[in-house]
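The same subunit A turns up in both complexes below, where it pairs with subunit B and then with subunit C.
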Partner chain A sequence: MSRRPPLPSALALLAAAPLAYVLATFYLPLLIMLVESLKPQGPSLYVRVLLNPDYTSIMAYSLVLAVVTTASTFLISLPAAYYLSFHVEDEVEKSRYLAAFTVPMLVNFLLKAYALMNVLSVLGLANTYAGMVIGMVYEYLPYMLLPLFSSFERVERRLLEAAQTLGARSHQVFLRVVLPLSLPGIVSGVALVFLMSFTEFVVPAMLGGVYGYTMGYLIWDLFLKYRNWPVGSALAFIVTLVSLVIVYVYTRWGLGYEA
Partner chain B sequence: MRLSALLRGYTLALLALLYIPLAYVVAQSFNSSRYPGAWEGFTLAWYAKLLSDAEVIGAAVNGLAVALASSLISTILGGAAAYYFAKKRRVSIADSFFYVPIVLPEIVEAVSLLMLYYYAGAELGFWTVLIGHTAYNISYAYVALKPQFLATSENIEAAALTLGAKPFDVFVRVYFPLAIPGVVSSLLITFSMSFDDFIKTAFTTGPGFKTLPLVIWARAARGRATQDLNALAAIMIAVSLVASYVYTKHVFARSPGK
Partner chain C sequence: MARGVEVRVENVSKVFRDRGVTQALRGVSLTVRKGELFSILGPSGCGKTTLLRILAGLLKPDEGRVFFDGVDVTDVPAYERPIGMVFQDLALFPHLTVYRNVSFSLEIAGWPSDRIERRVREVLQLVRLPYEEFAHRKISQLSGGQQQRVAIARALAREPKLLLLDEPFSHLDYKIRIELIHELKRLQRETGVTTIYVTHDRNEAMLLSDRLAVMKDGVVQQVGTPEEVYRSPANAFVASFLGEVNIIPAKAVNGLIKLGDLEISLERLLPGLGNYTGDVLLLLRPESISLTPPGGDGALRFRVQLAEKVFLGPYTKLLFSGWGDIRLEALAPTREAALLEPGSVVDVYVEASEMRVYTD
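Let's turn to the complex of A and B:
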């Protein structure tokens, strides 16, 4: 095991290319963004942005939308994830169900929003808050369902039998054994959906009408419409920090990279 | 037992709801009425119209070119990094380095890249879009390929070396063939990430270089759904459903249950 052949230096050189590429096209731009936000007046711009009700109200509005989306997605996918893990015995049937939930995930986001727009207009829900939330849940459902499912799968089945033998009713088994043991999957799903819905741009813009003006839209406008790069950069940098915190929570308490 | 039946009905209903909007668009694309709605008869006219739509054809060609180039470049570069760090072991910092571009909201990547291009004086178009897509695709390739390289046992490598293979041969004839499933998923993922990309493309493209998501966006934002847009959407939905069906089948066949 320890007798590992040395890595040829040509290989190290080869690995340097992707590192340099990602540094130059991902990390360097982030640095430029930070500098851009500090250029006109230093850190005080951040204070101004965070005290400006025009910006903070949109930020708060996006946070509420993200919370509503995350909670709805969680509650809607929970029974299905539970069913797949605890009630579908046959492994082949189980993976068929999983594939059925996974396949739409890979259809273009914009297309799904557009398809839903068709149906929502028929139902008279286009350009309403409810329609927008339906759109968010529609897009993010698999991202919640899959981690929940894989967490349920890891719950030791003998513990459930033990709880039942000790007299727990089925809802008690679920609330006091299954859910606590599935916390990593819950954290993963919640963190993932929250992170994506907080800055979601396409779905609110297409389905939300006047309700669709979220953080993502604001940043979009600050760059492409108002050309206010310093404020846009500051907001994008705040979003970056929020995202990194959520990602930390995800990797610390969630299912981790593998999931 | 009654609970189980109830949950089953719920799960099936949820699945149906996921597919209904997609099916609706496909069905409407064959409807001869001028606007989506009541059924007025079967037609292929919207598809014929699509074929003579220069903007759509051009955008499809642009998207294919960028996605092909980006998936190849990023799979090679991401694969090189994955191979190197899989062999070095215990380097979680490299994982984080490549993981961040995946999790950071795309709008942040898009605006920061726009500023980089601006200060570098780059002319926006094919190249800037390609460079931008490849920036996050390298990370997807890395994530797809590293587990494959990690799974290849060092004993196999030691055996090959003992039998006289050169390190380069070991890679070409041992590691690479064993990693082919990962290479295939990497190519598929990066291709579809690039082909479907909207936000980053919108920020890093110039006049005259459009991809299909940009065309759909521009036309759908103009008002309501139209039939020729439905035909385009139907084709794209069908292609990605088939591709992702093949891909998912392959993934679930590899690891049953989990």
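Let's turn to the complex of A and C:
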């Protein structure tokens, strides 16, 4: 039997503070919310919410938006990350490109959203579905690009040469060697962007116009406009659960080759 | 069954920087015969790996051409060349099983799966990895030697006409290395594939090769059978790279050199040098120095003093000091060397034909 070495008490204190912080600010409110949602009528509220097409249709709509956003982000990031990792030889140039992609992450989102709004209205895309998707992709691009890029970077270059000497052309090298070996990065980028875009409400609210009524927006309204805390909490829990299940299934499937 | 190609390299040059070190090939020309087992031997940085990568099509030469069976393949990319390559770090695909590593090139070539399976069985048998036991293992579940075998099997799967190996055994234990070298030799005989083996290890090169090329600083110094290159090295570098050698600088005056109390006529060592005046280098393998006078009258006799004995099992290394500050290293059967004690002054003998002289 292995016994864990006792943690020195000073270290335990060091770990205790952040732990307490997380407990107090994340898990405790979550628990309060759960209690809140169950207070008026118990679990039957959940059944009612799930059977209400007004809510479920919005959830489905948000799900589709999240899938569209994730897919677009992926399709845009993949070639960019690939090019950056495999075809920019100069390290300085590489880090410049990378900075250009990540600096937008550091800029306040409202600022970016208003800037984008101007561009979209010039293009006549303000308050359209397309405009909203453009905004979503714009916000989440770095979250997809960086994991993709770093997992491409980790692929041993010698393996690509080995594949070439075995007759593989560049698309075959990509499909048979690069892609399977970068799967962990792809899976985490996709999961991250999907989760964030599923519950996003700022971008749809600002750029989506009538198309912008997403799950996040609905929950926001329920809490702050209708003051309907029980239903708001129930929906928030359902959304969390649905995204956890989707991401769990997806990562198990995506990383299946490792098992 | 000669299934290999003839490889001809004509005047190939390449200069590039790799991790801050300038690598270069300067006007390399070579011919490797059909079905030959050929080694490229040289110290690190001599350009041997660069040359191999050019043959594989992974690098383009700045100048010069490469021919396979007389066909110019200089601009043919790696994936279109009939090659198999074994890399120094093996570069096996970690996400694939042994089977899928070996079948990789066959899948790319679009073979039907039953034919692929037959071929994988065949090749695994060729490298002596039992199919049932190994085919479905992951690469990480194999020992170093087994991984080597998989790498060779993968390279041979689609029956390449040219097998390229880049120091594939350098990180293995001596015993496994020797075993794999014998295996490689057997494989090469069985398949008849032209094989080019890059190494910095002279023992590997001599054990393995039909012929070998010795390289230094991007230039081919000499090409020949191991015996030719060992016995008649083109220069002092080749001589010392292929084995222990005594290098004795001397001055020649009108075709005569003086070593201690000994006068040697250069004409005896290298016809045509009868009147040479200038600096020369004399090269002498330790095993060419004998403690007993050989029959015939071609032997040179040196009077030397034994400075040190190093026991090497069947042989003993003898370090002699001679005239001036010259030191001579000799290799003698231990039972002969046992009769000598450090400090003793003895005569040693060298056949003139065993001595090489260089005038550069």
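Criterion: the second predicted complex is superposed on the first by the 220 of 259 C-alpha atoms of A that agree within 3 Å, B and C clash if a C-alpha of one lies under 4 Å from a C-alpha of the other, contacts with A are read in each partner's own complex, and residues count from 1 in each chain.
Just so it is clear, contacts are C-beta pairs under 8 Å (C-beta built on N, C-alpha and C of every residue); 3 or more make two chains touch, one makes a residue touch a chain.
Predicted model, so just to flag it, every value in this text is computed and none were measured.
Touch criterion met: A:Thr240 reaches subunit B, while subunit C stays clear of it. In the superposition on chain A, contact of A:Leu38 is made with neither subunit B nor subunit C. Of the two partner chains placed by the overlay, only subunit C lies in contact with A:Arg176; subunit B stays clear of it. When the two structures are aligned on the shared chain, A:Val249 is found in touch with neither subunit B nor subunit C. Of the two partner chains placed around the shared chain by superposition, subunit C is the only one that A:Arg158 touches, whereas subunit B remains out of contact.
In the superposition on chain A, A:Ala71 contacts neither subunit B nor subunit C.
When the two complexes are overlaid, the chain among subunit B and subunit C that reaches more residues of subunit A is B. When the two structures are aligned on the shared chain, A:Leu63 is found in touch with neither subunit B nor subunit C. Comparing which residues of subunit A touch subunit B with which touch subunit C, the overlap comprises 257.
Subunit B contributes residues 3-4, 7-8, 10-11, 14-15, 17-22, 24-25, 28, 36-37, 77-78, 80-81, 83-85, 87-88, 95, 97-101, 103-109, 111-116, 119, 131-132, 134-136, 138-139, 142-143, 154, 157-158, 161, 167-168, 192, 196, 198-199, 202-203, 213, 216-217, 220-221, 224-225, 229-230, 233, 236-237, 240-241, 243-245, 247-249, 252, 256-258 to its touches with subunit A in the complex.
Across the complex, subunit C is touched by residues 156, 158-159, 161-169, 172, 176-177, 180-181, 257 of subunit A.
Contact residues of subunit A toward subunit B in the complex are 1, 3-5, 7-8, 11-12, 14-15, 17-19, 21-22, 25-26, 28-30, 32-33, 36, 76-77, 79-80, 82-84, 87, 91, 94-95, 97-112, 114-119, 121-122, 138, 141, 150, 153, 170, 195-196, 198-199, 201-202, 205-206, 216, 219-220, 223-224, 229, 232-233, 236, 239-240, 243-244, 247, 250, 257.
Of all residues in subunit C, those touching subunit A in their complex are 56-58, 77-81, 83-85, 87, 89, 91-95, 104-105, 107-109, 154-155, 158, 164.
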